[in-house]
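In what follows, chain A forms one complex with chain B and a second complex with chain C.
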Partner chain A sequence: MTGPATIFDRPNRYIGTAEPRADAARLLQGRGRFVDDIQLPRMVHAAFLRSPHAHARIVSLDVAAARAMPGVAAVWTGAEMAAHVTPWVGVLTHLAGLRSPPQPALAVDVVRWQGEPVAMVVAATRAEAEDAVERIEADYDPLPAAVRMEEALSPDAPVIHPEFGSNLAWERRVETGDMAAAMAQPGVTVVERTFRFGRHTGVTLEPRATVMDYDPAEDRLTMHYSGQAPHMMQVVLSRHLGLPEENIRVISNDVGGSFGIKIHTYGDEIAVGAAARLLRRPVKFVADRMESFMTDIHARDHVVTGRIGVHADGRIAGLEIDDLTGIGPFSMYPRTSAIECNQVLNLTGAPYRMEAYRARGRVVFQNKNMMCQYRAVGHPIAMAVADGLLDEAGRALGMDPVVIRQRNLIADDAYPTTSASGMKLDDLSHQKTLAKLVEVMGYEALRADQAAARARGVHRGIGILSMVEVTNPSPMFYGIGGAPIASQDGATVRLDAGGALHISSSVTEQGQGTNAILAQIAAGVFGVDIGRVKVTTGDTATVPYGGGTWASRGAGIGGEAMLLAAHALKEQVLEVAGVMLQAGVESLDIRAGKIVDEATGAERMGLADLARTVYYRGNELPADLKPELVATRHYRVSDMPFVFTNGAMGAYVEVDTDTGFTKVLGFWAVEDCGRVINPMLVDEQVRGGVVQGIGGALYEECLYDDQGQLLNTTMADYLVPMAAEMPDIVVAHVETPTKTSILGAKGAGEAGTGGAPGAILNAVNDALAPLGASVWQMPITPERVLRALGVVAD
Partner chain B sequence: MKAAEFGYLRPGRMEEALQALAAGEGAAMPLAGGQSLMPMMNFRVAMPETLVDLAALAELRGIHDAGERVVIGAMTRWSELMASGLIAAEVPLLARALPEIAHPAIRNRGTIGGSVALADPAAEVPAVLLALAGVVVLRSLAGERRVAAGDFFLGHYETARAADELIVALEVPKARGLRHGFHEIGRRHGDFALAGAALAVAVEGARVMEARIALFGVADRALRATGAEAALRGAVLGDGTALDRAVAALAEIDFAGDIHASAPMRRHLAGVALRRAWAEGVA
Partner chain C sequence: MTGMARLTCRVNGEEVRAEVPVRRNLLDFLRNDLGLTGSHAGCEHGVCGACTILVDGVTVRGCLMLAVQAEGAEVVTVEGLAESGRSAALAAAFTARNALQCGFCTPGMIASALEYIDGGGGPDRAAIRAHLSGNYCRCTGYQAVVDAVCDVIGGAAK
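Right after this comes the complex of A and B.
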């Protein structure tokens, strides 16, 4: 796609500059508008009775005493709520064979994970609602639980949904080339390892929260939503509460982090909508931290056995993986819980050439909280498995990690091309990013430091990783399978009488700076000072229709729509200016809020003068001039299923072989997200992502016992990465714009999380290698390290 | 996570506080800094009928030089202890431990008496009091009694304090001539310890006359490692075999396992903490 050549080098350019985000000043002054800040007249509060069992039959549920408690407005059991909310099914047709039974908002008859909502109390305060929850008399008959995914498919495992006959939700296979022949070639060295990835979760600063406000006079439900996809929620509420879509308004103001946690259908939130409608009163639900740990979707939970075969010169002959992933008792709605596994199969080894690739993925039900899409869906697994195996193969050959990657990375001049798993790839720069990583991390100096440290008995290791990231998805991600999830987004740009721009977009702001980059694009492309751009996002009543923010698409798709809209409005305004100034349109430009002579830059007219004439004194304009000072454009990726980005990451760690502790001494990320709109915000995204990746690699794990009881439900027991333990994270860029848009921006939000775990794993194993030990399980806890070293044993 | 209903008193005089505790017959709880009690109440793990807030009792605050001892009011906050020149000069082992306790926001609220009363097995100060042979001063309507730290920590969150008693002060002998070592192993800065060691060691010439070794984070409570102490008594500084014997003697302890570390892991880390504390302050 080609566009106006001047868009990126205009006098008042903003694209590519580190503009501070306007929202930051507001948030720092405590002027955020989060869901819990909303106080509506007559509002009541919800609390839920949640299952204490991983799997049990509900024998009886007596809510009479709870209904009589002070302040209680209503109590619903799961069976009672089922009369008002239809169940949902988390399958999509493009994931052939995926099965999941209808899921009610609140459990009916059987509970299938500890934390599943069983009954709902609505009372004048949250405390009173909790008091009443304690008075519900629930009698359960515990059933055997399928907890460990490795055992979920065994013939004697309890079957969670008897109608399915087994706990298998989905299975997919990919095969390219002749694996047996590739591996059997003379001189091929084969390495096999089993990787384990623990469950972790998003731990958003602001928990899941909603206020549902029903107006019976208009039969209209307003959802105040801490989340990422307002239009999707509008459809979900419409379908399952039985209201017309247009009678549902979803408003998402400030969101305190989401990371993919807040883009799913949670029964407790939908039940709040039903309660608001039945009570004709606003109802607020804010998950507390324990509820967040128990019911926010969990992520990862994989066991992957991987084999790699390499020739003597390091070239990959074949790569084979077998992925098992546990998703809880249902597939999450409407995105499904199979996408994570699907991504693992699609992405493993995608940076590299190989002769054969074979993958099997199996997704299994289990009696744990549900697993679904979280930041960098599937990527950390795919990247850690391929690059972990590649390092292990390199060790077997005595080959440096950088060299073995150089031998295998798809060449920068080979695009467009297709990965071994069948992914269409274009505009990538693996060789350039790896070369830049080696340079910015000072690879040779680090190797020298490592050797010197080893001589002192200090065990340091370097981890290198090359990666791809799925961004800017087309309809091939969800829409094709029947999900009510838009892959296109819209932007509107309006010139007001005072000469300011009001812009709106269907992508949303979760704290990452979407609103800031939308303003940069509009200001730069149209030609006003950025201070005169006001942004609205997150309101289905006012913004164009679109998908929201997920899969690193806000800048690439929402940004392109904004570019197109701003450019269209500029042309419309110049047409009016041309008539008013009796000048040719091509001789005019808009710069810094003024109509100027294109060649000399001389001011011809202020934008406000033009707008006021149009709005107030239209009598001065020719009758046949029909000014339009608003423009809307939409954009979707149409020439690729996904726009891949790539990057290279490096970690330097020190492993204390007495305590098993891993200290990250330094981290480097070289990212190619195409055109960088705001380098400061991109770097923040990469750093934040790296920290979440380090969390998954070293700290975070949702721990269950054999009965399916979650053991860590506080911030003291669930370890998130904290600033004191984090290294300096150096971010550098290679910019290869995507040809799929004028803007050329790809996503940047998930790369850090996708790549960091594998880089850390490789670094730890590099440190441990001289000791004859290695670890293949995340998080890499001190105890796992010491057990690998044989220092601690039962 | 909202606390169940509870009553709240904020007495201005000690007598009123003690009366309230006695009248509560076990259902009244003193509120010090609230850094553990309030979360426990929100989880409805602790459900007192009445909270007796000690914040207005000025006599429970402050750090005093009492000749051979330093007396620390129970309501003295961690941040006040960290700022105290008296603590730094006369109770260096405590000064060494303070920065390891939680985070600044918690240290601004949390109190030494509250921590001792809670007796979290992973808390630092119980171990420091054991190593220093400190004394817990308790008061009730029946009067005052002084309990040696070694007799105070009885088990998992279990102490010698009766429900109607208030910890009013901690007494710590001044550290004349002792060497001190402290080491804590926690996953992140400010986390509860996976294992920790606090040492107070009397040395004459190059010989260890007495070693008091207290461990925390490893068992149901902070405790003295008596076998290790015996192994080191009389040892010559720099004799690594004595330290090896001391570490081996830790096997006598009933190590606890939980989600953060198994019992064998804690047994190993206790040895690492002992060696590092020794290297820091004694060897």
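Right after this comes the complex of A and C.
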């Protein structure tokens, strides 16, 4: 019998090949099924009145004129909606001490950020709903706003939630080793810098979108959901609308980008569910782009002071960080807004050996839009701080960035081991990965080019970064803290009468190619042509129960469940075949849709023959044979809190010292995501991640004034990377499969976003160093570069 | 209530007669009135390019044109490009290169790429990148899109 250990060498090998995605054709013909494409009978449309103030008391809301507008079906104020939706609290017990007050779907009495929904109009068309929103008379009494996180904890700052007495939401400390002693050793050079990371956001090209369809006959609510975690959303709706979980169906078809943005609980979307139930008709809400900028979760917003001490030979003696991060007026539900800070503390310096590590993180409330988990949660901060400090230390010692990393990276043969922050690490390959990066980027030649350019007065810089990435999370990520978020995922594989496989999985597709890799795994492990595998994901009514796709877990966890299910079904089918053919199960195999002789490959029976006999003519089978042509398996990571991956990235930039403009000339990413299931999909995901990371490093920032007004709420004002600014990106792999699964796959989706910002920062500072300048704030805008150069003064 | 107007135009080769609110943009008309949901609303202010369509052979932003402005015009959407086979080579190259992930930008990307190719554009990566700079993609990193366009141009030249 072929066991799981040999699945990678089978004749129907799809794991590891660049299979094109079956669902591409549909999207290329304009036949996608995005939420806004749904038109249901009697459907009405929602629009929201949103707070124009960062912090204000609602004095009065007069909705009478709005209710009288043409096409209007209903209007609810926040207080009225509160009768139908219970508030939520974004805390988890494993984040000890985290606090956040109850948050209503729509603001009641007080508004706490500009853009917070205040009232809801439902009308025949979105245009009519917006017309009616314009007629709501709202009177506010503005309150002092706590906007800048650096001032949010000062004694004279306005306290956003008076019952808490301060704006501190959470604080955590980590201490390993004796920091004072480590730093005080003779010959230790200490470097300290303060890093600032601006707020940015996901800018999913498809905005947040929801259609809620309520059937009063069965008391059943169907949510058409543009998001990542259908089963989580089922629980959230159940809890806060007061419907049994089983009466809620959440369906995700095509999702136009999510990146973590669409995995959270947004009051406007939950209110749409309540409206559908109250009106007994379908209600659609699609955020417009201004609403997206004001209310899609923002990301980052950190100030980190970091100190590193290095010995004369480059070895790290100690690393110390103090992270302050602003999360808006509430902690987001149900994942909380403290996870990013937690990750920063866990991950900073994790690729490196050190004698002492000390970290403090503080998470503060402020009157800005809410901040929460976006792609590469915490990683860009952790990696840029550690590697930025390491480069500064290297400059102080006159040591090359590659050399100082070689001195400090945890050795490839040192696993399993534990990071200074206490993270369990296994199956990593930092040294091999860095060596491969040096090779693929042609490091020496680039240094020569840099020197030649410098001689011409052109300032180029090379940035190197080594990183870890958290993937395949276990229950330790959310479930342990009480979040209704499954850490295990399930897969079902069914052999149909025609000999095709129908597979379903609880992980979800947002364009990564989840469905494609699930089909590759099922086809290869079971033994059919991939064209005969049909995939269903994203429907709580039909797929196994599971967590969905986030934290780079779709391939590693969902893929392993699929492997186990396909292998189980194969064993079940071979058992039936053995009886029908009067042959030993060990002498049979399934290849290319046929039962074959294991040794010779000779065909014994078609799968369709077997399946049709079982389904149609069971009378031909022995009475004691109970064929099962469907198998379901679940998988969770049980022996590690997370399965870490590692990578190394290199950036080559040119800084124009007259304009301050940074051009990315080249980018290289070497990634170890374990076993690569589909190299084409992985490479383009890494590239897409790098581009989002470059966006955060150079362009993207949600700019607030000191009154808490968001200044850039259009795509013309908020810059994202476009085709012309981006270089070709070279991606290479080192494959160290994780021992936690048979498949051996780790995540790959977030590495680029986590590593690119630090690589770019290091490259810019490499370019600026001979000019005596450096930049420690992202995005690295032309203005900030010119200020660093002293060309522009305050 | 806004005013209504009569509209007659051709969409993907078929004559369309409709009465539309004068304030309705062409994108909403195509999506909501005609059920042609391949063109997408990403920003509704002409920046993201997800609603790029062809009007009288020229790429336009469906969100920046009122439906009534299409009076007498020949409108072609991604559905029409696919149905007529005009986008077939690009679609094959996009699939082979995985030049799409979520697929939301893809219909607009196809229209812009087709304009470049049909306009005689060469396999010059910088020129292709410049031409596609009106089309946001948040997933791919653009490289595979450029590869796919080059493949089509290279294939046509052989």
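We take it that the second predicted complex is superposed on the first by the 790 of 794 C-alpha atoms of A that agree within 3 Å, B and C clash if a C-alpha of one lies under 4 Å from a C-alpha of the other, contacts with A are read in each partner's own complex, and residues count from 1 in each chain.
Everything below uses one rule, namely that a residue touches a chain if its C-beta (ideal position, glycine included) is under 8 Å from a C-beta of that chain, and two chains touch if they have at least 3 such contacts.
This one's a predicted model, so the numbers in the text were calculated from it and none came from an experiment.
> Let me test your reading of the model: by the given contact rule, A:288 touches which partner, first (chain B), second (chain C), both or neither?
both
> By the touch definition at the top of the document, which applies to A:34: first (chain B), second (chain C), both, or neither?
So A:34 only meets chain C here.
> Pick one for A:786: touches chain B only (first), chain C only (second), both, or neither.
In the superposed model, A:786 contacts chain B only, not chain C.
> In the superposed arrangement, does chain B or chain C reach more residues of chain A?
C
> After superposition on the shared chain, which partner residues are touched by A:724: those of chain B (first), chain C (second), both, or neither?
Once the two structures are laid over each other on A, A:724 reaches both partners.
> For A:699 in the superposed arrangement: first (chain B), second (chain C), both or neither?
The first partner, chain B, only.
> In the superposed arrangement, does A:25 touch chain B (first), chain C (second), both or neither?
So A:25 only meets chain C here.
> Of the two partner chains, chain B (first) and chain C (second), which one does A:127 touch, if any: first, second, both, or neither?
both
> Who does A:658 touch here: chain B (first), chain C (second), both, or neither?
first
> Can A:716 be said to touch chain B (first), chain C (second), both, or neither?
In the superposed model, A:716 contacts both chain B and chain C.
> Residue overlap on chain A between the chain B contact set and the chain C contact set?
127, 288-289, 714, 716, 722, 724
> For the complex, give me every residue of chain A touching chain B.
125-127, 130-131, 134, 288-290, 658-659, 661, 699, 703, 711-712, 714, 716-717, 719, 721-722, 724-725, 782-783, 786, 791-794
> In the complex formed with chain C, which residues of chain A make contact?
These residues of chain A touch chain C: 20-21, 23-32, 34, 36-37, 39, 70, 127, 202-207, 254-257, 259, 286, 288-289, 510-513, 680-681, 684-685, 687-692, 714-716, 720, 722-724, 726, 728-729, 752.
> Provide the residue numbers of chain C that touch chain A in the complex, in ascending order.
Interface residues on the chain C side: 1-2, 21, 23-24, 31-32, 35-45, 47-48, 50, 77-79, 82, 87, 90-91, 94-107, 110, 125-126, 128-130, 132-133, 135-146.
> So in the complex, the part of chain B that touches chain A is made up of which residues?
These residues of chain B touch chain A: 1-5, 39, 43-44, 185, 187-192, 194, 259-262, 264-265, 268-269, 272.
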